[in-house]
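Note that the chains are named A, B, C and D in the order they appear, and that numbering of residues resets to 1 at the start of each chain.
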Amino acid sequence: AADVVAYALRLGDDSLILGQRLSEWCAKSPEMELDIALMNLSLDLFGRARTLLSHAAALENEGRDEDSIAFLRDIGDFRNVLLVEQPNGDFAETIVRQVLFDCFDLPFQEALAASADETLAAVAAKAVKESAYHLRFSANWLIRLGDGTEESHRRAQAALDALAPYAHELFETDALEDRLIKAGVAVDRAALRPRFDERLAAILKEATLTLPGTEWRPTGGRRGEHSEALGFLLAEMQWMQRAYPDSEW
Amino acid sequence: AADVVAYALRLGDDSLILGQRLSEWCAKSPEMELDIALMNLSLDLFGRARTLLSHAAALENEGRDEDSIAFLRDIGDFRNVLLVEQPNGDFAETIVRQVLFDCFDLPFQEALAASADETLAAVAAKAVKESAYHLRFSANWLIRLGDGTEESHRRAQAALDALAPYAHELFETDALEDRLIKAGVAVDRAALRPRFDERLAAILKEATLTLPGTEWRPTGGRRGEHSEALGFLLAEMQWMQRAYPDSEW
Amino acid sequence: MKDALTATDPRETAFEEHVSADGQVEPKDWMPEAYRKTLVRQISQHAHSEIIGMQPEGNWITRAPSLRRKVALIAKVQDEAGHGLYLYSAAETLGASRDDMVDALLEGKAKYSSIFNYPTPTWADIGAIGWLVDGAAITNQVPLCRTSYGPYARAMVRVCKEESFHQRQGYEIMLQLARGTDAQKKMAQEALNRWWWPCLMMFGPPDHDSPNSARSMAWKIKRHSNDELRQRFVDQTVPQAEFLGLSIPDPDLKWNEERGHYDFGTPPWDEFMEVVKGNGPCNRQRLNARRKAHDDGAWVREAALAHAEKRRERAEAASQAA
Amino acid sequence: MKDALTATDPRETAFEEHVSADGQVEPKDWMPEAYRKTLVRQISQHAHSEIIGMQPEGNWITRAPSLRRKVALIAKVQDEAGHGLYLYSAAETLGASRDDMVDALLEGKAKYSSIFNYPTPTWADIGAIGWLVDGAAITNQVPLCRTSYGPYARAMVRVCKEESFHQRQGYEIMLQLARGTDAQKKMAQEALNRWWWPCLMMFGPPDHDSPNSARSMAWKIKRHSNDELRQRFVDQTVPQAEFLGLSIPDPDLKWNEERGHYDFGTPPWDEFMEVVKGNGPCNRQRLNARRKAHDDGAWVREAALAHAEKRRERAEAASQAA
């Protein structure tokens, strides 16, 4: 059960932090329709985060709940991949981050829907449809930006150069996940790589963008080794629970 | 004494919040020399804030200290003017905010140096020299920006248009300050206005900038009615004390 | 109340008869130019209000104190964006273009509800906006569900339904605070103090100072007077505040047995006029934030257009080649 | 070790004799081109390190947990900026231009100390940087106070003095944490775990892998080998960690009575090489932040130049008119 708790925290934190980043766009995006779409993505992700963190809390059975897990841990206890905590940057960076995540997330959720853990399977079954929509949205926008104007192409390529290295961490596995794969609970991330590569290549081709060749593979999120940007995200996100402890909201 | 506590909090909060804003520039300013200069200003202001908030804590004698006052009040208890909490914006906005503050602050500190309250008088006596340097720095930069390139002139004028209305609040007085003026403790802000106007006009003339004609006079800081921007500043500034209560640092 | 010119047009007479018999007007129907203009102004102002209204509440999305509240707040702000788009569409059925309306907003030429020029310094303001601002909006808008212009009336039905939901959420936030710690109670009371008078002024100036009302009433664009609606709001809200254990910041507030209504004090109309003139606490901030989003996003919208154009050209080339 | 070409130059012989007799070299003295180049590279890298080094610590200025710590941290980061400027000036005495050096940094062509490519996720990292990074820097730099090039040696005297102060501050932060709550102790231990090995690698590769050292030693630009300095740092630091009650994350660490030194494990040189190559956790972030500050500030620097030019022209016109 401790393994499943840790696994649910990883998945929950990925959703939580990416949801928080997307929600920062509220009333600031390039079009009102985009405000609505980005909030949709963020709502889906927060929805998953709530179920996953609650699931972890229930299995752990130490008196925590979704809120204490989200709002009362410090940076070193977060288990999300580094990709999702990267700052929004311009709209191109947000879209590239999303395409990288969604290309991974759709096959991941499809596979997780068969998990031996019923809650994980149920979250994933619901997430598959959402993720398919997210990927359609992000891929279409990346194609627009890449194959749009000179400026949008330049920005999209710069965003891809900056963020593509972070995708590797999505496929990392460790002893914990290996155990859970054997138990039929977790998804074999490495096995998803070909589908990710293929899908991403197709999108980038249509977007006239080039995957950067780099050997840099930043990692550490699963061990709590995060970038400095996450600290500021947490200071803002956790403010109320920290300022007014032991209150119900 | 309650009046002096309130007065010291007003002055302390002005210094604290402006110091915090200036410190946000660290390693982000247009020149390394400017990094150093802006940190200098910020250090002077934090220095004053520490003495003033400690003075308030001592007079109040309710177990608070400079840190609990700075880090454990929520937004409605801050008493700074709205000018100092305005976001840094571009360098022109920071410089305009500073010129407006310094044109007021130099004569203010000169007058406060004669306060019947010894601590206030001592802080002010030290501050006079600092403020003279701050004003020289900010005025020279505003002149460079205003009488520099077309772009810098445009940015400086836009910053002035946006921020000039906030200067009025610096000269506001109320029953509390009236009582303290009579007691020889506080400075008669209204009496400083002519010197402020004159000095500012001379700087703007050299900077080829025009004071905007506006009837908008935003106010409320002394009553704890702040702009939304202050909430984010506090979430960041107070993070550690909120996240780790009852700890010594 | 007709002037000589319009009285001569038989279509006008027919229109007025139709409307006064509670008939609905649809986009393709003939309508007086003044009716069209009044509606475009009113609907676009309403749309602008929804869009600007995203900001004071959006201010707390990243800091909402629980995940449940965060999700509800995002969904609410998203609804507001949706209402904005829906209302722009309704205005477009009258021949206005969304781009023009948005430009007028960004240039500071168009109005939006002054209530959104107040800041939300604390989380309790999110509760207060839901409870009071949405409450006042609903009081204003429920009668508009039967307004004479069909697309507007239908938009209002949807908007009101969603806003009732938002209002309940806001009230629930207040209830949680009012039942909470001392700090939470204080936060709730201070938010009520901040929003009470601005909300009463959302109904517009007193009837004797409201010159446009008569014609709008005749056209059934407006169906109750400002003062009637204000009274209705006060009567509904006072018991809710009592249930919360919060005090309404009006020493003159008192139940009037004879009238069967609450008596209440005079709102600070001077302040209201300042806010309307652009001198509220956040007028500049709200417009600047909107402009910044618009300007920063220009390259994205250009990219989308350029890409659509490329696709069109490719499709054309392909069909010619075939 | 002289090759045929330089050996024929009598100035070179005189220079080498002067330096090996611990004589100082001043800007106007003749010096071999290779000596000049080596120094420019070393001093500018040191300057870049100070400038980039502002970022990991600057990261905590706005969030420092007390006003006293905040002020000390700002003053420290300010000192680093000052060191950077001071060192750029020293390099300029050798004919290098600051703009060129800064451009090389921004273009990713110049190196800076790899230690600044690690992040500061917690407040304890600020303590650890002061204690360990500044401690290692001082160990490296104290001998440079007697380096052969005068301006560099004098810069180092000042830098070392200020860094000793910073180191004490850093140690004091750690002490407070180590004497604090469990959460604070944990924070301190984790920071020590993060910074220990990177700090040991600040002294450069093991002597047998350090090809440039011999000539630098002969020129007295370098006065001790990497391994000597590393050992000195370990010997100094272990008792300090013990006093704090923190454990150094090295199972091989052990006092060697015979050697009179601590034995310690092999640092993860593979990781070090990755960071040097640009693949550390923050390499890109650090350079991008520097570039962003530079680019965002371009208009300000242009304005200052334009204004200075205007003043010059006006002064000229005035003096001609007189």
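What we mean here is this: a contact is a pair of C-beta atoms (placed from the backbone, for glycine too) under 8 Å apart; a residue touches a chain by one contact, two chains touch by 3 or more.
None of these values were measured; they are calculated from a predicted model.
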Chains contacting each of chain A and chain D, listed by label: B
Furthest chain, CA centroid comparison against chain A: B
Euclidean distance of C-alpha centroids - chain B vs chain C, Å: 37
Rounded Å distance between chain A and chain B, as computed from the means of their C-alpha atoms: 41
Residue numbers of chain B (touch at least two other chains): 74, 235-236, 239
Where chain D touches two or more other chains, by residue: 63
Overall pattern in which the protein chains touch one another (line/ring/star/complete/other): other
Touching chain combinations (by label order): A-B, A-C, A-D, B-C, B-D
Sites on chain B touched by chain D in the complex: 20, 23-24, 26-36, 39-40, 42-43, 46-47, 49-50, 53, 66-67, 70-71, 90-91, 143-145, 147-149, 151-152, 155, 236-237, 239-241, 244, 246-249
Residue ranges of chain D touching chain A (in the complex, touch as defined): 56, 59, 63, 119-122, 190, 278-279, 281-282, 284-285
For the chain A and chain D complex, residues of the former touching the latter: 74-76, 162, 215-218, 220, 225-228, 230-231, 235
Complex contact set, residues of chain C against chain A: 51, 54-55, 58, 61-71, 74-75, 77-78, 81-82, 84-85, 123, 173, 176, 180-181, 183-184, 289-290, 292-293, 296-304, 306-307, 310
In the complex with chain A, residue positions of chain B that touch it: 74, 232, 235-236, 238-239, 242-243, 245
